[in-house]
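For reference, the structure I am asking about is given below.
We call the chains A, B and C, going by the order they appear; numbering starts again at 1 in every chain.
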Amino acid sequence: MASSVTEIRRGLAAGEFSSFEITQDYLARIAQHNPALNCFISVTEEVALAQARAADAALAQGDAGALTGVPLAHKDLFCTDGVKTSCGSRMLDNFIAPYDAAVIENFLRDGAVMLGKTNMDEFAMGSSNENSWYGSVANPWNSAHVPGGSSGGSAAAVAAGLAPGATGTDTGGSIRQPAALCGVTGIKPTYGRVSRYGMIAYGSSLDQGGPFARSAEDCALLLQTMSGFDRRDSTSAEQAVPDYCGALGRGIEGLKIGLPKEYFAEGLDDRIATVIEAAVAELRKLGAEIRDISLPNTGLSIPTYYVIAMAECSSNLSRFDGVRFGYRCDNPVDLEDLYKRSRGEGFGAEVKRRIMIGTYALSAGYYDAYYLKAQQLRRMIKQDFQQAFDSVDLILGPTTPETAFKLGAKTDDPVSMYLQDIYTISLNLAGLPGMSLPAGFIDGLPVGMQLIGNYFDEAGLLNAAYSYQQVSDWHLQVPEAFQ
Amino acid sequence: MTLKSTDVRNIAHLARLHIDAADIDQYAADLSSILDLVDQMNQVDSSGVEPLSNPLDATQRLRDDEVTETDQRDKFQQIAPDVEQGFYRVPKVIE
Amino acid sequence: MSEWESVIGLEIHAQLATRSKIFSGASTAFGAAPNTQACAVDLGLPGVLPVLNRETVTMAIRFGAAIDAEIDHHSVFARKNYFYPDLPKGYQISQYELPIVGKGHVFISPAEGELKEVGITRAHLEEDAGKSIHDQFPEQSAIDLNRAGTPLLEIVSEPDMRSAKEAVAYARKIHSLVRYLEICDGNMQEGSFRCDANVSVRRKGEQKLGTRAELKNINSFRFLERAINIEIERQIDLIEEGGSVVQETRLYDSERDETRSMRSKEEANDYRYFPDPDLLPVAITDEDIARIRASLPELPEQKKQRYIDELGLSDYNAELLTANRETAFYFETALAEIPTQNAQLANWILGDLTGALNKANLEISDSPISPQMLAQLISRISDDTISGKIAKEVFEAMWQGEGSADEIIEARGLKQITDSGAIESLIDAVIAANPEQVEQYRAGKDKVLGFFVGQVMKQSQGKANPGQVNAILREKLKP
């Protein structure tokens, strides 16, 4: 069975199989494996088969778009018209979105088929997918371990071959960290590259959508469809989208890659350091120039991020009040009761913690000490990167400080969970693009390598990852149970 | 920074979140440890640094003043918990 | 009473007269069926985002230019967070630290000959909330979000007013200005122009401001004056009885003619303002400001000065004629027909016409007598077709819809008698019938002339030219 977006496109174009057939194959795999993995919150079989039939008709008429007939899965925070969009929350368990997100519109325009909506940490808040109202997701490499989060369902679905590609969103690492933990390739583009319209907000100034797939080449195809200016999103970048696939294969001879010393310091599992160093050696062989650099404010990125993300989410999630959509508590006695119980019962513990911290950080008397301070540090963190990019083209490091941890290992200690995001979070603060790609294994669990690019240099990132994937086969590994 | 249970109650009220009385102490402990993490920000002197609220430092694009939306009330109200005669309904508010 | 001074500042919310909402493409038209003009963005559906309407920025700058305000090149939208059912997102997009319009000022004329400067602290853009209707259902409040997202310009004054009268003069001035600028229709009944008043009192001579109460729900100038006066009395009584004023929001109830505390707003507010991450800072260039400034219409102050300097009108009449855009428009339209008769025109507009309009509770723009009709009437006086007295009758007939001045004069036969032969014969008859009065006059009792004029006018049914009657009478009565 064809298992990559690239192969499926080729097979469809060559008439080797139909979209209907390949879609049925994936639906069958989902039916077989999802009960154990719990990657999907909704499987949209009827929608998928109808779209696949339409795709086959388009293919027959020679009227195919960039992804016509390719089945994909979408994180359950992209609004999908007529389909439940839960955001992993009890709050939206009954929410049938009345419109399509811009990203979904783009996939429809290009002919893709939707297999279903994937599991996630509630409202994208989490690094393990354990904060979902629909239960945790198993890591396909070892079902006792987490898949990472918040886009854990999408990453695990791609790793287990339940979808050749999937969408995710990344506010502090929510694409890159699960990609690393599940051994797949994922890219978070520059803030503003992909429209946020219809993407249920967590931290508005940090959120960015992006794809998961088995390779950089597949990611390039999916990102091509997702990207572009959208006048409905004021923060969307009014900038032309380059041909990402066309930029692949130009090699990395002479490419200057920086290794931030702070990303290899205390806290990093030594075995991960060894894996990354081996990958760096490969890149050097391909002609890259490796340099040591410093991002001195890396350590501040976690507190800075959490203040900003929690402040923004405390306000973004106020609209979930039980009045116009979503969960409403039974028999509210008055308005305050309606609000408090609808929200108290509709949101899980982590969401409530973050709303409360954000509320506190913005409240009178604390604004300067928390929110304003965090915004100042945010500029300092961005300046670190800007300085680094004066001397290098790309920055490289580990995606995570450790491989996938065990389910339940960190659920009692929110702070230790937050520390998982140490290498990913500062990119969101700076708005920079980054990706994670497989670079090796430790004890049967994948290790992710993170590449960080300059603003709007997704093509450079994808090309470097593609070059590495031409000389490595980590990304081609499939967990035994899902071969 | 240590939050007391009264702080948690006040914040929960401001955020309109019902928290079970039995859970208040746990929230107080969790929120306090998060605030301890956040307090690490004070390790660095950021005086004089201009705050950054949006990563791209861009400016707002403006829309032409045109009516582009049509009535979709029926569709939007299908997902509402309580509607009557085209209105959303909430428990009576006394002003 | 005299030992107290009241201090008043106003917050005025003017709905901007745009076609679409401030952050969405939904219509702002008034009066649609509930929730039919609330689009996904207005409802705050998950995932939607705001995009700023250019026209609202232009309108705010127009206002800023008209009040001589500072306009920053950099303006920021912030979220004001609070929960209320007619506030769909749980926050209102407003402006906090960097409003579009900074410090400015206007001049008000609370009474004839008085001129006072009132400072304007700021004016900022924000979105309106929806409406909560409490009498639609027995157990529930009904929420209509059609108004949610309608653009508002909130105009905040300095606490410069010292009486309800001054507050009303200021509110009227702003009302006039926004209509001159064509940025707001000013309809107070529909809520397009809403005033909140911050009222406090202090003993005269004291520098420190007293604790203020905020009065809301005032939908006419008359109620504004009433509500402030009632509140001032309430506060003075309270303090004199040993109590103290609580900072709170109070609702003016026009039916009971009282202000009362709003329970729903009792709680101390902590709005947690922060810059809205869905919107970027608005950049305003010097060129934008210059272009908008150049497009401003003649404003009331400039118009008033021109009426005084070029038309020779009195300060008072010029003030009244320019107090609102519609009156000035009426005056100028009529004046175009009778360019030399501005004083008479002003008197007719400010006298009979205003009286009739007030009596009928009509706006001048709805006057049954058009500017052209009034101009024709005035020119019939000046060309001696009718007398001033007959003109009043013609005016009344025009008001009743009987036609133009010429038509009414014709139909009722009101044309003035200017034929001196005809007037002479009338006079002769009157003199012959009143020999006693003739004697008195000739004996030096000049006042009796009035009697003769009256008699002649009566005989002519008011149509004889009074000037001619006077002259001929004097001649004929000479001893």
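Points worth noting:
FYI, a residue touches a chain if its C-beta (ideal position, glycine included) is under 8 Å from a C-beta of that chain, and two chains touch if they have at least 3 such contacts.
From a predicted model like this one, the values you see are computed outputs, not experimental measurements.
Taking the mean of each chain's C-alpha atoms, the chain closest to the overall C-alpha centroid is B.
Averaging C-alpha coordinates per chain and comparing to chain B, the farthest chain turns out to be C. Here the spacing of chain B and chain C, counted between their Cα centres, is 41 Å.
Look at where the CA atoms of chain A average out and do the same for chain C: the two points lie 57 Å apart.
Separating the centre of chain A from that of chain B, both taken as means of CA atoms, is a distance of 23 Å.
For chain B, residues that reach two or more other chains under the stated contact definition are 14, 16, 53-54, 58, 60-61, 63, 72, 76, 82, 88, 90-93. Looking at chain C, one finds that residues 40, 43, 45, 51-52, 83, 85, 141, 143, 270, 272, 277, 279-280 touch two or more other chains.
Counting only residues that touch two or more partner chains, chain A has 95, 98, 205, 231, 234-235, 314, 318, 321, 323-325, 335, 339, 359, 363. Chain contact summary for the complex, chain C toward chain B: residues 18-20, 24-27, 33-40, 43, 45, 51-57, 83, 85, 132-134, 136-137, 139-145, 251, 262-264, 270, 272, 275, 277, 279-283.
In the complex of the two chains, the chain B residues touching chain A come out as 3, 7-8, 11-19, 27, 30-31, 33-44, 46, 49-56, 58, 60-61, 63, 72, 75-76, 78-82, 88, 90-93.
Contact residues on chain A toward chain B in their complex (touch as defined above): 94-96, 98, 191-192, 205-206, 231, 234-235, 237-238, 297, 299-300, 302-304, 306-307, 314, 318, 321-326, 328, 332-341, 343-345, 347, 352-353, 355-357, 359-361, 363, 370, 372-380, 382, 413-415, 418, 428-432, 455.
In the complex of the two chains, the chain C residues touching chain A come out as 40, 43-52, 79, 81, 83, 85, 88-91, 141, 143, 270, 272-274, 277-280. Residues of chain A touching chain C in their complex: 77-79, 85, 87, 92, 95, 97-99, 101, 196-201, 203-205, 231-235, 311-312, 314-315, 317-321, 323-325, 335, 339, 359, 362-364, 367, 371.
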